[in-house]
Amino acid sequence: MKHCVFLLAQGHLPSALSSEIVRIGAEPRALEEGGAIIAYSATVDEAALALLRGTPSVARVLEGPTPHPLAARRSLGTRAVDVSIGPELVRLGGEQPVVIAGPCAVESEAQLEACARAIAALGGRFLRGGAYKPRTSPYAFAGEGERALELLRVVADRHRLAVVTEVLDPRDAERVARFADVLQIGARTMSDFALLRAVAAVGKPVLLKRAPSATLEEWLLSAEHLLHAGARDVVLCERGVRGFDPAARNLLDLAAVPLLRQRTDLPIFVDPSHGTGVRKAVLPMAAAAVAAGADGVLVECHPDAGVARSDGPQALPLAALPRLFGLVQGISALVRPSLDAAAE
Amino acid sequence: MKHCVFLLAQGHLPSALSSEIVRIGAEPRALEEGGAIIAYSATVDEAALALLRGTPSVARVLEGPTPHPLAARRSLGTRAVDVSIGPELVRLGGEQPVVIAGPCAVESEAQLEACARAIAALGGRFLRGGAYKPRTSPYAFAGEGERALELLRVVADRHRLAVVTEVLDPRDAERVARFADVLQIGARTMSDFALLRAVAAVGKPVLLKRAPSATLEEWLLSAEHLLHAGARDVVLCERGVRGFDPAARNLLDLAAVPLLRQRTDLPIFVDPSHGTGVRKAVLPMAAAAVAAGADGVLVECHPDAGVARSDGPQALPLAALPRLFGLVQGISALVRPSLDAAAE
Amino acid sequence: MKHCVFLLAQGHLPSALSSEIVRIGAEPRALEEGGAIIAYSATVDEAALALLRGTPSVARVLEGPTPHPLAARRSLGTRAVDVSIGPELVRLGGEQPVVIAGPCAVESEAQLEACARAIAALGGRFLRGGAYKPRTSPYAFAGEGERALELLRVVADRHRLAVVTEVLDPRDAERVARFADVLQIGARTMSDFALLRAVAAVGKPVLLKRAPSATLEEWLLSAEHLLHAGARDVVLCERGVRGFDPAARNLLDLAAVPLLRQRTDLPIFVDPSHGTGVRKAVLPMAAAAVAAGADGVLVECHPDAGVARSDGPQALPLAALPRLFGLVQGISALVRPSLDAAAE
Amino acid sequence: MKHCVFLLAQGHLPSALSSEIVRIGAEPRALEEGGAIIAYSATVDEAALALLRGTPSVARVLEGPTPHPLAARRSLGTRAVDVSIGPELVRLGGEQPVVIAGPCAVESEAQLEACARAIAALGGRFLRGGAYKPRTSPYAFAGEGERALELLRVVADRHRLAVVTEVLDPRDAERVARFADVLQIGARTMSDFALLRAVAAVGKPVLLKRAPSATLEEWLLSAEHLLHAGARDVVLCERGVRGFDPAARNLLDLAAVPLLRQRTDLPIFVDPSHGTGVRKAVLPMAAAAVAAGADGVLVECHPDAGVARSDGPQALPLAALPRLFGLVQGISALVRPSLDAAAE
């Protein structure tokens, strides 16, 4: 019986093994182990497989012809990502579904405080907020930058929340990591590989949004870029692809959730705010995301959506958060047993 | 205060009213009332509005600048469609969510009987099955035709189920209507207006699938074609739009459900089988559809999916039906109160 | 050496041949030869291939694993379609590029006469015009019907032009064929197989537009449906797929032209009017279509576009026709030698 | 009469003017003039317009409600971009159409020399080649980096060609600018605003590719980001959007050319290599691009496409370059007068 395998090895493999082995990638690359790592793909018989597994320079052997071995299903028993909040650990992708909420853009301490208090009161542990905002127009509000990072940290600490915020520039990665617990890569920059490498290098969990024209495989390959460049953990976040119907800002691809589940163990989140751009659709689509098997949702809220400086039409009022948290938890409790059974 | 209205009138309006009234459509058309009906759009003041409402030849006055007044929100207290099964009435779009299930194509009485028995045992009341199948290739199996219609009727009657089946040719509409309770318009023919008129004319409820490139407005305008041509009731069914990712057969647009809810009172169904084309995604997406607010799902099942003559890879085995029915009912019970509150 | 072949045979093949032969399609179908034809696909060696070619009941053997053997490249030396205008023959897909022009909808004899005179004065031989118009809204002008057919015939005869017009309803196919020389299948009905069969049955050339969500293969399979149902000749017409940018009505896929050339010998036309929906883009895209290798263009014109009852914003004024005809001929003369050389 | 204007002013405007003036963007920004520039939009009467034009602190007044005033039509008599090759100036967007050719990735001096010699022999003045390659997989060849930049410069100088190459990382912008004459922003990074700002800052012409999901307006806003951040000149390059048909790698949107012409004076190029991904389609689509009004094409070629380390299936063999140059020049000569007349 033949096995299709994918290898990461330190340096070149012994030539005895090389007949059916194809080298992937042009240059040796450094992996977290320190040495120069080369990726190989091979079709091998039982004997060669055993030999590979026993070769000291072979760091990993992954079966199956996956183009993204690090991001693939890992069968490690858990796919959870632990995030530190001081001495505590909170989980993304664990037993409990997670709501990550907060304003599109950090505008003021009062705005952020109102959001954080509402989130914490509902048992939420994650606060999102934009400090550096990618804006289609150079004349649009682009975020408060470092001042917003400081506010996020202060307010989150006050309520024992973890901070999720976006990095736009590779030169900002370390600075953002000093304030944030989870670094977000936005949809526009999913394939900005220089940015991915810089963010991976700081070693914190990364929330990777899907680009509006990315296939699932391209998205997983961006996750692979992150993991290959040293990212500790990656969380995927669907936020809608480019659709043709002006009725919605984007076309939220919820089937991505079960389809990804067949391909990866990484936690999968859904952003129904950007995914629809329509406030009335946010709650139904958050509920649908969890019903489809998502590990949680990323939602924009605002204490006064009418005056939001960015993406007001899709922000939930804080009064809607209890219903959001309730739906997410209720549906998760209902579907988890069924979906886990179905995935077997 | 000015009102934007849409009128359906028998013949021309009195000229006293005509100054701000724009006639829509070129030719008078017969509506169910029998007379020649002309559609008008107008911006009128309070006095003119009262006058219009009192004009005997004005059949309907609908406020708001909708291009599809008959398919729009009707605020009639209910959006339910009643389907007769002998002396019984069963409902689409009522309080209870509905599962419509059955094989893609009717192949044999044994196959159909196995499906119907499984559906009835779970409390289902609707059996779907293809008698006339639109197939991309002229060399593919195109359905058993009238023999399949007869089998559908016999088997459905045995289990007191309503029959849902597709009409492909305007010349078949009456024949299909003799056997079926709900006539389906498929995605490929959503804009085949000659077919829509012929199906509308037989006066049974119509299940109208969305074409893979149709906007919500275009879809609602096809529903308007049906209602304008005399269809008694129309049920909408989302089944995925054309996507760019080969990971799925179609891109299921679940946000269509809450976005349609803002525009229409017609019942909204979702077909996760065609909507994904991947068996493992059917259950999660059926659950998600109901969580998003759908009135029910349309699902393909097969007693032996491995030998299905059409669309085998997306058919659910009958053993999965209990989980499907359970998820649909459980989630519906959970989300209805929240979604109804949110829609207010 | 093995050969991948596709067969059309009268009845079942001798069992001696059957080992590697897979039957395609469920039911024998009548082909133009009269007998019941069954399609087969097979992988055969040299000896079996010779045997098949010598079997009298095998109507055709096409090499290569094409799903659309009748629509595929036929290597018959020409791909031209001859259309009769009285005793004359005019060609689509021959040496000379062709402009098919006329109004979106036939409105009056004066309108049609102005168009026809302008076309004939430039050497054009094809007049298009809508008698039955598929309209998204039931309230929009849907064409003048049979009166328009009569006008088309009268005006075309006066200028010795061939008539191209759309059929919407299978029950209209024969009537339209009495007046028209080329029957058009519109984008909305490309997959309306009942209509395709009815139009094929009348035996006139068919101009088949691409549906807005159709792949090239699906489009060619609709051509296969036509040819399989007896259509004499099929001309393909690209008219834009559904795009995401509101800047244009559709996204004109000109690369379809060279990509189709690799797959089929059917003549290929392009409709830059529907393909863009923007008058200023029609001439550049007509020029581009011919530069890409199209056999001609299908263009909407109107003597007074400002008052057109349908699609006014994309209609060319008649004053632009000389530039259109000049560009089409000039570019065709320039690119044909290069493209023919490139295709070798 | 009222005028809709867009202003760029140094600092705040006199309050006398402010009544109808809306400030756009949150923060004053430095423009090339040095001062802090604020963008305003206003609806003003004749008198106020005159006042604005006479206000010393108002750097620019652009009429019309465009969201991208710097990238809009400028009516400056020319849209040409001059590129220095030593003491010479060569033009993009001038009277003569331009072919920019070269390998996808720089692999060796021999490969580059073969390309450059072929280009120069045909009168070409632009050599493209990838030094830093964005690759979907982290295991794919990602370019030779600085060594490739050096080779590009040496080989281009030998043949008096200008170098066009991509910048991927904001930290590389200055280094690349030391070797290259035109800096390319790739499709994946069109909305990577940190990169745009860094590339703009080096002050060389920028070739900006369209992202696969970008509308024309989003693309022009990325050009606006570049111009707003100090880029001297921007050249647009269409390279295909994400399509649904696996027959092509991308869906080349040639109608973008005439549609952009209505919105901007920036030179417009087309890349038929990435735009189709199919070698046989490159020449027809290059011809079509120029017929549609493009200022030139960007094409991948390779002396031995079979062994190319990147994008081999779409590379033209050098033997096809004479036909490419001939088609581009022949069609340009034919269409320019017609298109210029049509644009009036």
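Think of it as A, B, C and D in the order they're written, each chain with its own count starting at 1.
The working rule: a residue touches a chain if its C-beta (ideal position, glycine included) is under 8 Å from a C-beta of that chain, and two chains touch if they have at least 3 such contacts.
Predicted model, so just to flag it, every value in this text is computed and none were measured.
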Mutual neighbours - chains that touch chain A and chain B alike: C, D
Chain located farthest away, centre of chain D as origin (C-alpha): B
Same or different residue numbers at the chain C/chain D copy interface, by half rule: same
Which of A-C and A-D has more C-beta pairs touching across its chains: A-D
Chain A and chain C: spacing of chain centres that average the CA atoms, whole Å: 47
For chain C paired with chain D, centre-to-centre distance based on mean C-alpha positions, whole Å: 37
Cα-centroid distance, chain A relative to chain D, in whole angstrom: 32
Multi-chain contact residues (two or more partners), chain B: 213, 241-244, 246
Arrangement of touching chains [line / ring / star / complete / other]: complete
Interfacial residue positions of chain B with respect to chain C in the complex: 24-27, 29, 39, 67-68, 134-142, 168-172, 188-189, 191-195, 211-213, 218, 221, 224-225, 228-229, 241-242, 309
Touching residues on chain B, where the partner in the complex is chain D: 242-244, 246
Complex interface listing, chain D residues touching chain C: 213, 215-217, 241, 243-248, 251-255, 257-259, 261-262, 275-276, 278, 280-281, 283-285, 287-293, 320, 323, 326-327, 330-331, 334-335, 338-339, 341-343
